[in-house]
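One chain, subunit A, appears in both complexes that follow, with subunit B as partner in the first and subunit C in the second.
Entry: the complex of A and B
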């Protein structure tokens, strides 16, 4: 625990492994680390595969390092037997920072036993924050509901899009518009970039009220999402992106002086931990003394129904 | 309850409204309906917006009606303030079946209080099944993890794709390959359709073992996903799609003679109900006597941490 707080990479890596494996001790260490969190700037980066997200993250790491800021990257990967390759590729590309002690990159899978996120992402972000990294980049692939949930952890979220990939429509469907503080229209030297920018601005304008009225979103009051053109492979637009990130950070810090703003964030943070605790406990119960096997037998012989059995199981949870 | 079993549309619609609103009585009716389920064929249709899913669903409804089969459609919509319009459009397009008593269409939102699916979809499917509809079509938009979960409910899942929309990559990332029994490469009169078909077949071939070894997937043994070219606006390829659907149904029914296969399906069904019961109960607890407000106050004055508070809340659940 002390080693973790002193930013000992090996101790940090061990704790992260414990979290990922669900080791019991991890939980009690997390509890103690909690009071040391709240200092890091948490920046989310999300976007479809092919949008050039990795190169952009790469550029951001380099810029933040030039400002002498330390950077930890949490990459959240959907755990599909098909996707292993692509993600490994991403990781390899980021290895150019491997020798820099001011950069730390870790990937985690997302699926839990009961479906949905394992939710370790939040814990990992807390650990990095407590370790004293200045910046925690949370990188997610795709624009599904899972990614939306992960990105709600971030103080600032950048959505990376490429022109002509149908990303705009995807963004609306998956609720990405609601979480984006900054849009990076990457590969903007391609045809259709200006159209993508125009369409995004139009959508944001139409959705202005919806964005500002959302209860779930904890966003600095008055902030309207920025749309920035970038070509990450050539480093174009990265200055503008860094400026927008700094401005959003400032707006966020100002908002934190308002106790209501802080309360909304704490509430969301708690709901996230609560949901995961429910899942973990529920799963332990089902695995305990073959409860799940018993349940399935009752369903198979028709002596009960899933609704009754689920209710009984939830009632028994507290007694475990 | 009797009216619902007699396929009284008004009684069915009322029960569905109760389920959507979380009315308590809905739960006890669902329990009793459960023993009447298991007869309907449940077919999932998923695909990105723009893939031509609505037209394809339309075509399928017409074909099944020509076979004198009754069809109920459950459309699952992500509830985003931005997406209302597009979805309404879909619904209007399906209104050509509005006067046919053998067709019933209902849409539901997906987000729950604690994030993730509300999960009412499974309940709605059970109701339609108990009501005696021959076919239940479960239609989802997009290829996120939520959709994957919804489509796990289906006996047969069709993934609709359009050439050149980057859908293939999305499919890998979101785990769609693992749930698809049939791929419909729609708009296949467009450039790039053959390439999409070729790439899909290659991916399936590479992932063959992964598909067959998957524990989470309950799929008839030996079934390898089919790839079919369609042009839904012209009715092309629909015969082939109907044939593939019938063949998969046959394989599924054969598999159901194996008790292990049935057990795996019951297990998954129970886990779905269990997860939702956990969420509903958890949320009621937090809303009860201002528990959530109390929790946030403790976090704000620093007297506790989210991990301790979540544990206490889960312990208290059984006592509610």
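Entry: the complex of A and C
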């Protein structure tokens, strides 16, 4: 615990492992760490597979380090739905920072969790925050349209797109296009970049009022998403992206002076922890004394139905 | 508890050779065996491998070396982990390694060594037997 707060890499890395593996001791340490959180700026990076998220993260690390800020990176890749294994390769593009003590990169596998993150990313971010890293960059798996969880976690969400990956119709769909505080149209040296930028701006312009109303409690009030062209392999547009990130940070900090804004955030955070606590508790009940086996037997001999049995199991939790 | 301990392995390519097919085959077969494999790409120095292993909280580091520099690079990683208090991380390796070098590498703390032609099943069962989640 003390070692984690003193930013001991080994102690922090081990705690992250316990969190990832669901080891019981992690929870009591997280409780104690919580009062040390709230200082880091949390930036989410999401977007389609192959849009260039990892390369962009690599560029952002370089810029933040030039500002003497310390950076932790949470890089999420998918687990195989069949074997449960995973190859985590996001950090290949970030290895030039491997020896920088001001950078901590940690890869995670989704382990069956949907939504673009792992089931415990919120806890992981708390650990990095408590350890005192100035920035926590959260890179999601390559997402489609509905993996929007990162927005609940991050203070600022960057959606990375590449030109030619969708037409106008894609752009007015709900989902990841609604969660962006900043759009990075990456690989913008390719054909179609200007068109993608134009379509995004048009979409944002049309949806202006809706965005401001719906996102009021998530986004800083009055913030209109920015569209920035980048070529992350060449470092182009990164200055503009950094400026947009700084502007959003300022807007976010201003919004935090409003108790309603903070309340909405704390509410989201609590519901996330509550949901996971409930699930863990329910799961351990089912795994205890053959409860799950009994349920399946009742289903198999037709003496009950899944709805009744699920309700019974949940009711039994209260009596434990 | 909703506890699920997984074996995490770093597969690294130290040194200057660019032959990473073997490393990728091993990475993939460990994945198919249900393990989480961090792959760092080519041309890693021992220092980078040590720092990555610690940040990633892995249980083992597997190195693939085709350049003949195994006598230098493999023990450098073992020593680096020791210096950072991470000697519990199991180190293994593969590549074109002459028999004479095998003994001395094992003495220097490389727990498992695999030469070309080893089946992926052999490597998987060796990892399962010798590596436990920390």
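Throughout what follows, the second predicted complex is superposed on the first by the 286 of 320 C-alpha atoms of A that agree within 3 Å, B and C clash if a C-alpha of one lies under 4 Å from a C-alpha of the other, contacts with A are read in each partner's own complex, and residues count from 1 in each chain.
One rule holds for everything that comes next: a contact is a pair of C-beta atoms (placed from the backbone, for glycine too) under 8 Å apart; a residue touches a chain by one contact, two chains touch by 3 or more.
As the structure is a prediction and not an experimental result, all values here were calculated from the model.
When the shared chain is aligned, subunit C comes close enough to touch A:10, but subunit B does not.
Contacts of A:305 after superposition: subunit B is touched, whereas subunit C is not reached.
Comparing subunit C and subunit B on the residues of subunit A they touch gives the larger count to B. Contact with both subunit B and subunit C is seen for A:279 once the two complexes are overlaid on the shared chain.
Touch criterion not met for A:220: it reaches neither subunit B nor subunit C.
Judged by the touch definition given at the top, the superposed model places A:107 against subunit C, while subunit B stays out of reach. Of the two partner chains, subunit B is the only one touched by A:295; subunit C is not.
Comparing the two interfaces of subunit A, the one with subunit B and the one with subunit C have residues 80, 83, 86, 111, 279 in common. Within the complex formed with subunit A, the subunit B residues making contact are 27, 30-31, 34-35, 48-50, 78, 80-83, 86, 110-111, 114-116, 141-147, 149, 165-166, 169-170, 172-175, 177-178, 203, 207, 210, 214, 259, 262-263, 266-267, 269-279, 281-282, 286, 292, 295-296, 299-300, 302, 305-311, 313-319. Subunit A makes touch with subunit C in their complex at residues 9-10, 13-14, 16-17, 20-24, 79-80, 83-89, 91-92, 95, 98-99, 104-107, 109, 111, 279-280, 283-284.
Contact residues of subunit C toward subunit A in the complex are 1-6, 8, 27-28, 30-41, 44, 47-48, 51-52, 54-57, 84-86, 133-134.
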